[in-house]
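In order of appearance the chains are A, B, C, D and E, and numbering begins at 1 in each one.
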């Protein structure tokens, strides 16, 4: 009870800080320098229609690389955590009732569509809302569907790992190419910018986003697979 | 303990000899030979009687080179009688008045000394039990030559009223060289003063050589002493 | 130059590449990891080299081909390069260290390790706030993974607690970042700094949140429970990384933030830092588990660096030097210790005794501790020197006090631990045999010494590793394989050689001290010929002590003086620690000495007022309000060394428990260092008044009390060496008293004491030590009757006690004579009374010493004892000769000093005519006295021989014993509690009031630590609450301020 | 002043006078003490007889070198102390060897004999000797204290440490004596004097009958003779110091004899009146009664 | 009322923290942290929001030339994406930990994991 009270008291304090932030918050009337630069320069410089994507993939590409790394790291560690000691325990598996017909059929029907949609989302990241992360997550949701429908099925970690690693390497590689061919690390202008608003435009952004999408998809899948394997069936 | 010591002694190079000396081990535990371990681990036997006490016997001390000096010394010895403050028996009670104003023995150069080293007169005051005899012998031997013994009261002469006691000695002279007896039971302080005066005369005449006599007939005295003292747990001569 | 971006890209590439490999290809994965780390290390190293040699300027790394603030940019300056190098090197070494574990865990673990070091490098280099956050999160997550490298099952829970805490941190940080962005319109740190006015006005809360989040990442006290759990349970190699690399990276981050925050926030950082430093060190006192202790120590060290970071405004251009010094020393030391802990099987502090079997590792241990504490010649020493000077110059006295207190506590528990390692039973498993791990530790040691050299070069002062005496001492480390006798000869040659070399440069005062230290030291070392074998550790320590002393004498500025002071303290600590039972005593010696040293440091710092070089002679020019304080600080510092009463409790144990040939060194020689300091102080500063009290007068009282109580306590000792030790307290009290009289003869007397005390105390310690060696005990009542068995030792003690008691005709009388003449002109008479009381008490203990050991009854077990070994006796005999010579011709030494002192105190010089020494008041002719006494003695002796030529030699029980015979020697030897009646009368004066006081202080600290550390309940939620509470409290305080 | 050979016979003469005077004086003191007890006491020449007798004892034992040397130290201390202080003021003949050192020398040389004696007694191995030494040393720590303070006080008063000069300053009139110019110092010193004379109430060191006679328990024959010799020289030597410092010194032998007698008599007088103190009692006594006097003496100078 | 989103975000953070600090079950804590993270994200985007403007995507609706006047601040949007992903990563990690903890300790009560303390 004391603890709860203390927490409330502390949160009141934190709340006070937040309130202070809010009270002092004055919404901008116009874009600040940075945002203005992005709004004005993204299209001519990078050729990307989605400014957010341009920021994510190029301007703040290092963050994104970190982000991807976070996922990679998480996947690896989840693997580590769960692998730890799993060898010495082999729980007896019991047979599950087969998944329902509806689920199976639905999965078969939807899975290709989901994957296709995912691919669409990450390849069009520079044009439309969406991108590698969103696309990757969609792909992973397909994976989730498969896991639900085939709870006992074991997926090839190997494949996932290869996809994940190659995508990651490619991301880094493209970034390094930026040093060699363009203005710096992660500069997307190693490829021609193309026509504004088209699929093959905005330099390396679509390529990077593709890899990101693959990587994110693979990593989420890896996590899901790993987590699902923990289930004591 | 003793057996084990014997066994271990046999292994020593000089073991058999030591065994010989161990035959008459006194009963006192603290005088038993014992194995001691030194700080650096060496082990050896400590024989208290051998190691703690000087083994030499008494020697006859010759007088000074010239007669005149010896006479001077004898005069001084006579005029400076330092009595060992050791009351061996009931006669000691008669010694105390000598220190009082009434008798004031100090007038005659007679003083009491608390340590035998510094005293030259041993007054055996009355009967001497065997137990006390041992102490008396020790004290006597610790006094320096020349030293005088005065037997006080008839007990020191023939046992007196304890003539048939099982544990008093009858004749002091068998055990210590007595220079002078003062008879009586008890002799009065006046008698004591008289006795001391006589002793002075003896000393001045150079006739009070009890210490040298003791040294000359040491074996005889020792034999006598050991005859009555069964637990002889001290060296033959207590320096 | 290869772009530094490859430090990040390379690590990431390597990590992703590892994913491609098959799981069983462990070897290949490992090689790749190592290659990547080597590459990044090389890269960072090459940049550091280039930057520091001036070949390149700090480089700005743009990403996305766009200028900041629109794209993320990185920066690599010299500080960043050093940090990145540190991080990657630590990572590489840890990877090497972790070889087995990594092989077991597979490529994923290696990838996580790579990313961890990448993320830390990123934190160091990035100039973008949000990017900083990303790298922080990467660190957090990879930490979550690397914790699992540990085999300790508790690590899992620790990792979870850590994640909980970091969730809270990241929430705060994100909120802060976005509002900071809103306030400044940029995420670039440089932009924010430029707009800091706006940020701090409108977005102060935003900045606060970011700031506090980064501070929390530093694991500051007390919001750091999770971190301690990690330190305790994680794999030591990872803990090394966390402590050395992650801590450093976070500090760089804080530094970046403070560029925005400006002075106001620097103060906040300083306060948090110093509280952390003191608090964590205090808590560490109660620790018994090595890694948790190291954790606390890490927190403390990070707090210290945070403090330095917060003080950058006053440190000015020396900021990098100071912060770098402390940080690198901490990083290397702490990483090294964690690595070492992996070699030790047991987790209790005492388990480190296992190191004892391996001198190299022990040396490593010692080096790491010295690095942490900041002892010379390590970087921390230079850094702390400057830090203390800077904060003293800015009158931050409270911080100064806290800093020194924390450092003292830290030294206390760290050296207590070292004591365990040296002294405790080896009852644990031996150290792990892994070659890799040892190699890693050795690299850390090398790095430490390399840093020591570099910092010495960078410092404006002399490089201590260029000082010949120090090098000479260190050379013995390399010569440890030689037999002790050879080393001893070398050491003696070295001391004498240095003396001969420096001889022309000494003034008379220095000459006297140099004679004692160098020639006298060589003389004592003769006794060391006695030891055979190799005597590992003895010579480096002893020579370090001598080096310190030699340098102390000639030091001209405060830095050299203090460095020398610290060296001799450390050297002597190791020496003392060698004694059999000396563990607690060596510790208390060290704590008191360091405490004193810190006071000296504070005194110098106050006096210097920020001057880089402060000549000792300029102490005379310290201005008024400050001068008495400087004087008091320095004086108390020096008096700690001379063991003035109240500060003396370390001495008896330390001197008594030391080895036979060490006791004379630490007593005969080392104590003089304090006197030398006092001489120096009084010569420069003269009389000072504090609140109207003449400080010299206070010193006089202290000296008199020391003399009285020292002597009195000596009289009640049963242990011969302890007796001598207490007597040293008394003797030093006399010397202090003489100095404090501030007149010519008083100083002369003090010098006389310096010489005499050296001679007779060395001699007595040697002979008593020899006796103790032979008899196997130091308790006097267990000895007795050794005169015939150890006649030479007896002669030495006899001469020694006659000299010491001041009885004519030996040299001690000279001291007393000068003393009487000196007090005739002194203004203060009351303290004399104490001195008068203490004089005869010296007879008590001196007689007891000689009687109980050499006279009386010989014990059975000592019947076969031999005379002390030749090499112990030889110096004693030389001392006897010295004493006689000095007694006959005190002018040999004193005349020149007399003239020298006249430069300072011209009044009352002695006149030396022929054989007679004349003062204003009296006269004294040593030779005549000696001759007269000698003639009378010989005549009477001859007479006695004549009249008593036939004396019968008797044995020990041939005593008159009231007609009985003694029972046993033990019961006949009157020695135990020899002064029982005296104790009845005056024993109350020897009541251990100071021992009780200091014991109460330490108990209080320990109890506090024991109680307060219970706030770390082990519950992750509570830790998170601490964190929030910390945030709120800092917020409230900051608002309140 | 320098050494001249003529000093040797002069000093021996002093020694001779003092020894004889001392032998008689101590006997006289004993007689006076005896008279208090209504006895006649020893004959006045008894000390001579005892001395001769002890030298005439034929046998002796030795416990070792220090035992042998103890009495030598003891007597050297006594003789040395006597010779380091001028016996008669203004007489070159009886200034002895005082050129070698001043008051401080005398002050510290007092301990020479005691130290040697203690060592000799220690080697005898007799516990009572050691106990006696323990008591003696314990007592001396506080007993000497008032004296030291008094010496310091009068050294301050006369601004010199030279005995001759101190005596010179007291010449002219009785009222110039330190006794009258600095009564506090003298009082302190005289109390201290009591403590150093081995007489009641401060004779627990020897404590005859209890620890036989303390340190000399094992000494006999010629050792004892040497110590007896010292026993007559040493107190007088000490009294000479007191006499010079506090009572105007002595310019002629009769004055010397008188003053020495009176000072000696003071200790006897106290001794026959008071019973014996235990060590801790005497320590406390000196601290409580004598020390404040000494402190006062220093402060008022 | 402009700040309603932000206020909601802060409230979510506080609720999340309250949950995380008072629930002893670690799964609940993880969920609570997820709530808090959501709150953070909400705060993040709400800071960049400007009334009456549109998403920063240049297409026919928002021509490049008018972008400056028509789009909202794109930076928070970019940041929030990163923040979300990181949040997911940490959550996944915590879940994995929770699993292992439950396996090894047999409990999900955080107050039971106190073998490391002081």
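Miscellaneous remarks
Basically, a residue touches a chain if its C-beta (ideal position, glycine included) is under 8 Å from a C-beta of that chain, and two chains touch if they have at least 3 such contacts.
In this text, all values refer to a predicted model and were calculated from it rather than measured experimentally.
Across B-C and C-D, the chain pair carrying more C-beta contacts is C-D.
Distance between Cα centroids is largest for the pairing of chain C with B. Ranking all chains by how far their C-alpha centres lie from the centre of chain A, first place goes to B.
Taking the mean of all protein Cα atoms as the centre, the chain whose own Cα mean lies nearest is C.
Averaging Cα coordinates per chain places chain A and chain C 54 Å apart.
Chain A and chain E have Cα centroids lying 15 Å from one another. Look at where the CA atoms of chain A average out and do the same for chain B: the two points lie 114 Å apart.
Centroids built from CA atoms put chain D at 106 Å from chain A.
Within chain A, residues 3, 7, 11, 14, 18, 21, 25, 28, 32, 34-35, 38, 60, 63, 66-67, 70, 73-74, 77, 81, 84 each touch two or more of the remaining chains.
The set of chain D residues touching two or more other chains comprises 55, 59-61, 212, 217-218, 221. With touch defined as above, residues shared between interfaces to two or more other chains in chain B number as follows: 54, 61, 115, 117, 239.
Working note: touching chain pairs come out as A-C, A-E, B-C, B-D, C-D, C-E. Interface residues of chain E facing chain C in the complex, by the touch rule stated above, are 13, 16-17, 20-22, 24, 26, 29, 33, 36-37, 40, 43-44, 47, 75-76, 79, 82-83, 86, 89-90, 93-94, 97-98, 100-101, 104-105, 110-111, 113-118. Across the complex, chain D is touched by residues 54, 59, 61-64, 72-73, 75-77, 79-80, 85, 100-101, 104, 106-107, 109, 111, 114-115, 117-118, 120, 144-146, 211, 239 of chain B.
On the chain D side of its complex with chain C, the touching residues are 2-3, 55, 59-66, 68-69, 71-73, 75-76, 79-80, 83-84, 97, 99-105, 108-109, 111-112, 115, 118-119, 122-128, 130-131, 133-135, 137-138, 140-142, 144-145, 148-149, 152, 155-156, 159-162, 212, 217-218, 221-223, 225-226, 278-281, 283-284, 291, 294-295, 298-299.
Those residues of chain C that touch chain E in the complex are listed here as 130, 134, 137, 140-141, 144-145, 153-154, 156-161, 163-164, 166-168, 170-171, 174-175, 177-179, 181-182, 187, 225, 228-229, 232-233, 286, 1013-1014, 1016-1021, 1024-1025, 1028.
Within the complex formed with chain B, the chain C residues making contact are 774-777, 860-865, 950, 952-958, 960, 963-969.
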